[in-house]
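Shown next, in structure tokens, is the structure this report addresses.
In order of appearance the chains are A, B, C and D, and numbering begins at 1 in each one.
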Amino acid sequence: MLVVMSHDAAEADVRRVVEVIESMGYEARPMPGKQRTAVGLVGNDGKVDSSRLEGLPGVLHVIHVTEPYKQVSREWRPESTVIELENGTKIGGPEVVLMAGPCSVESEAQILEIARILRAAGATVLRGGAYKPRTSPYSWQGLGLAGLKLLAQARAETGLAVVTEALEPDTVDPVAEYADIIQIGARNMQNYPLLRRAGRAGKPVLLKRGLAATIDELLLSAEYILAEGNGQVILCERGIRGFDDHTRNVLDLTAIPVVHHLSHLPIIADPSHGTGVRAKVTPMARAAVAAGADGLIVEVHHDPDHALSDGGQSLWPDQFRELVEQVDGIARAIGRTLAPALPH
Amino acid sequence: MLVVMSHDAAEADVRRVVEVIESMGYEARPMPGKQRTAVGLVGNDGKVDSSRLEGLPGVLHVIHVTEPYKQVSREWRPESTVIELENGTKIGGPEVVLMAGPCSVESEAQILEIARILRAAGATVLRGGAYKPRTSPYSWQGLGLAGLKLLAQARAETGLAVVTEALEPDTVDPVAEYADIIQIGARNMQNYPLLRRAGRAGKPVLLKRGLAATIDELLLSAEYILAEGNGQVILCERGIRGFDDHTRNVLDLTAIPVVHHLSHLPIIADPSHGTGVRAKVTPMARAAVAAGADGLIVEVHHDPDHALSDGGQSLWPDQFRELVEQVDGIARAIGRTLAPALPH
Amino acid sequence: MLVVMSHDAAEADVRRVVEVIESMGYEARPMPGKQRTAVGLVGNDGKVDSSRLEGLPGVLHVIHVTEPYKQVSREWRPESTVIELENGTKIGGPEVVLMAGPCSVESEAQILEIARILRAAGATVLRGGAYKPRTSPYSWQGLGLAGLKLLAQARAETGLAVVTEALEPDTVDPVAEYADIIQIGARNMQNYPLLRRAGRAGKPVLLKRGLAATIDELLLSAEYILAEGNGQVILCERGIRGFDDHTRNVLDLTAIPVVHHLSHLPIIADPSHGTGVRAKVTPMARAAVAAGADGLIVEVHHDPDHALSDGGQSLWPDQFRELVEQVDGIARAIGRTLAPALPH
Amino acid sequence: MLVVMSHDAAEADVRRVVEVIESMGYEARPMPGKQRTAVGLVGNDGKVDSSRLEGLPGVLHVIHVTEPYKQVSREWRPESTVIELENGTKIGGPEVVLMAGPCSVESEAQILEIARILRAAGATVLRGGAYKPRTSPYSWQGLGLAGLKLLAQARAETGLAVVTEALEPDTVDPVAEYADIIQIGARNMQNYPLLRRAGRAGKPVLLKRGLAATIDELLLSAEYILAEGNGQVILCERGIRGFDDHTRNVLDLTAIPVVHHLSHLPIIADPSHGTGVRAKVTPMARAAVAAGADGLIVEVHHDPDHALSDGGQSLWPDQFRELVEQVDGIARAIGRTLAPALPH
């Protein structure tokens, strides 16, 4: 941490900064310069509350040199985390994983039909919401526990692994019981009690980036899960808030190589929520894999016209099959392959 | 709702849109134009899932004409909501309310000293965090229940009402027991289980705008609380995510007249989190009141250098007294007054 | 255009709106609904100034149904524009074009060495700044006319086409004289006198998206050039302003399929300025091609450590050769190819 | 400048950084820390191109300690700049200046009528566009030189000073001839040839902040003008790009105290373009003055329904008179006054 002083800061101001740093238990190292003095704080263990220094007289600003996260950082753990699901799917290795399914679980017939289509198309993980976070209280809120059971049934019949969202601490346990991966949605990226509970549930966690979250904030939220002893975290870029209304969000694909550089955790992309428009899903799925994504999570529905939610951004089965074919080619072009389809 | 067709949409595409609208139970009204046809959906009760229409062939885009919220809307309830606390403070009427206090409750001595200072300076509501949402899992997380009890003690000794944050559904009840106002923080603006629980707790709720939340999303989150039967909601503008690093956030003060136009709910401003910089708090507090805010929530600490969190954005007591004096003048200039200080 | 009235708008308010629309020479079509009335404006020729309607009493808001641009729109000209340069490079067809070169032209030796490297690696267009827009007045501002002549010399020796920026109307003519493509930079996307002058210069124009420009604004700026009779416009996505400081900008690749849907003009991507970080250039170049970009413009320098500007985001020659190999594979995976290298 | 190394940077990487810094003519000061080494660059004169360091092996990132601007900085010139116009209006001192007028000059009758209304209401500077930057090439583009002459006529008849926009270098001279203040619009904030020309025109310059410009970028653009020897620059906050469509932009009022802290230049606010909605102009004008703005620039029209541009955000004369009364009270509440009205 570097405390930059105003060019007209008094000697006494600099001394005060040194004293405060020392009173916090760190070493202070003043560096007088041509135009101003800066004071280095040595020994920062990531717990320094800089706000205390920012308010001192003569302080221009405080610069953070050390990253605030530890366990998620590739600096401290160079080898990539690879998460293996029960059905053999590996996330974070050389293979690109396809997760797909409807926005919401609607009925037994619906989820089973979609699951069979996806399995045949080559996906290995089934997505589907049972507990739905809806912007309006008057929108349909999902089947809840009944939805979880239908997902488990689809898993039993197809072999697909299941990822579904937990909306609050109390639903983490049922989700962990029926699913292979606990999803934390973008709106809940900084719901810390939920993150902690998910960190203790003993299952992999899919953590989506919040709409206005910096990458450091995303990694700090992941750090909450690792701090509970759970290293099986998959990050997900799903779009940030933008100003253009041709798409719902701005899919920030550069986050993928940035996260790969900063962290050993895998990162996938969600081109469905990232664009919000069906016709943009496949191009952005291709782009995500080209940028290095470890997987995709895509909304697919066998009958989007009658979907209970997000019908307009769900792919038709034929469109998904075309997507798989195209991203297969992209993956090969960069020396990767799609995760192998489940055996018949 | 207006479904705008491509200029080259076929007759059959338009008929399909009409059929889907009618199958949803609404009336469809095609409007052929010079360049394209649009189809009006009549009878929208706020429950139409537009994604189903967006995906149909020939549809260019879908335009929402009706606001998606109801109970929070001033269109349907013109008179402003005024919330009266037990100590007589009224929020949402002609008076401007001052809420102030430390970022976190740290100790009995700390909270009592600050409460006495604030009461003398004219504040009528005490803020202070017991459950703290911290970006890093390694930052101090607050005193929890013990902090709530200290706040209640400060209330008993000073008469100040208390506002403090509930972080998860399970802490809503203790917060409601000890505090006058349940705060929902910006990170939790779309934590729907938390909103519902707060809606059932029988106490006023202070709902902070999320960092990337549109005003419609803020109002829809408030609608969750009203939908549980609790009309006592105070909104709070506390800064949105921006791109300039001279301040922590962009305090979007125009949201204040916008909300007053759209909704009957009161709205206050938080210039401390909205700027993140001590020297900017007072100018922006003045600006918020000038823009029409129904109150302010400000971080004040008797000894910011030793605060356990947010010291750098907390005002010194003298600075807060100056702020009160200045916003008093501003309020008078626009025909309002500060809420009367508590009697001795 | 649809004028949405408040639910409590008076009859007279609606009549006033109708009168104003008719006085503007259009047809008004009131549509009473359950909750409110809307008034359609029929015959909009893209010249309606909606601000006049927005301010009328009882008007809630005005909704634009017709896009404000014409000549750039794919609705009115379905076939894609393909621009052919003198050296045979075609932009906007099935081939993906590689433009590359240094940030700035620095010397004869530098630009010739880089041009030879790029030609051998398969690029067909040479980029390089002669007139440089620099954020600080104290930064080096480019070689000017001398730089243009060096670019022309590099073209003569290698056969590469040349693209370089015109900063003001007065430099459009020299740029048009020495270069094959006139670049309009992001800062000048709404510099209308410059756009008009470029529209009259008789050469293709590369128009970069502004940092905060919506796609409609980008297309409207292109419309300025087409309105002068020049249909040879290449659009360029080069990153929008974001809030994360791990990259300089947010490369908004979804803009590529969005533009392809809305307009017949080609669009390329600039992953160098779009990320601002050398290590992110190749992944995002791959992603751009996967998303459907018609080309790339990339900063390459034979000795980035000693570049006079943007050294930190310039690729080394070896890195560029690797980029070419990878995007070649990506292009093939989606049924395209790289534009053929120039013959020896 | 501080070059932060990766924790696993080799000795040789650090030496390389030191060598590059020294080869640039500065002093390097390595600071080994517990987790990583940082290398300070001493003697930065604001001309260091950090991109050269950012690309070196082992470099994590480069941190700028010194601000990149000089002449605009309050650090180097503590006393505030006060600009005095010919009619006696002083901008940047204790008085708050009111600039007002129509979006565009439309006719002699129009501009004279509005000027008389504004003068009577207490404004001392008349705004009005002669050269109009319009997003669409098909919108009305202003009266040009004829408009300038009408503005000069209005000045002669009323004593109001005149501010109007120059759109390109070639119109700077006529604007400087007829007007008191040359306006540079938001779209042209980084049009450097225009800034330079304005810097040499010998008249005060009103420089509007770009939609996506950081405050440092705004100050650097002002630095271009000062670098030409013209210290009479007035900055203007007029809204940044946001994501909420209830307003056209986000008026970032915190920029006012931020600029006052960083620079000695005056800063005013434009609540008309900052909000784009007539009903929000007065609340935000009040807020701007409360935040410390040195003046306001407001769109007023005697007949907004028939304005040729921006009618929907223009105030009616009565609304402007009410605005003046309210901001007068706000100014007094913070120890300032409105600039005195012109004598009869």
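Note that in this section contacts are C-beta pairs under 8 Å (C-beta built on N, C-alpha and C of every residue); 3 or more make two chains touch, one makes a residue touch a chain.
Quick caveat, the model's predicted, so the values are computed rather than measured.
Comparing chain pairs A-C and B-C, the larger number of C-beta contacts belongs to A-C. Centroid distances built from C-alpha atoms place C farthest away from subunit B.
If each chain is reduced to the centroid of its CA atoms, subunit A and subunit B end up 26 Å from each other.
Measuring from the averaged C-alpha position of subunit B to that of subunit C gives a distance of 39 Å. With each centre defined as the average position of its C-alpha atoms, the distance from subunit A to subunit C rounds to 31 Å. The multi-chain contact residues of subunit D, meaning those touching 2 or more other chains, are 212, 240-243, 245. The touching residues of subunit C, when paired with subunit D in their complex, are 20, 46-47, 49-56, 68-70, 133-139, 167-170, 187-188, 190-194, 210-212, 217, 220, 223-224, 227, 240-241, 277-278, 304-314. The touching residues of subunit D, counted against subunit B in their complex, run 212, 214-216, 240, 242-247, 250-258, 261-262, 274-275, 279-280, 283-284, 286-292, 326, 329-330, 332-334. Subunit C contributes residues 2, 4, 6-8, 29, 31, 33-36, 38, 40, 42-44, 63, 65-66, 75, 241-243, 245 to its touches with subunit B in the complex.
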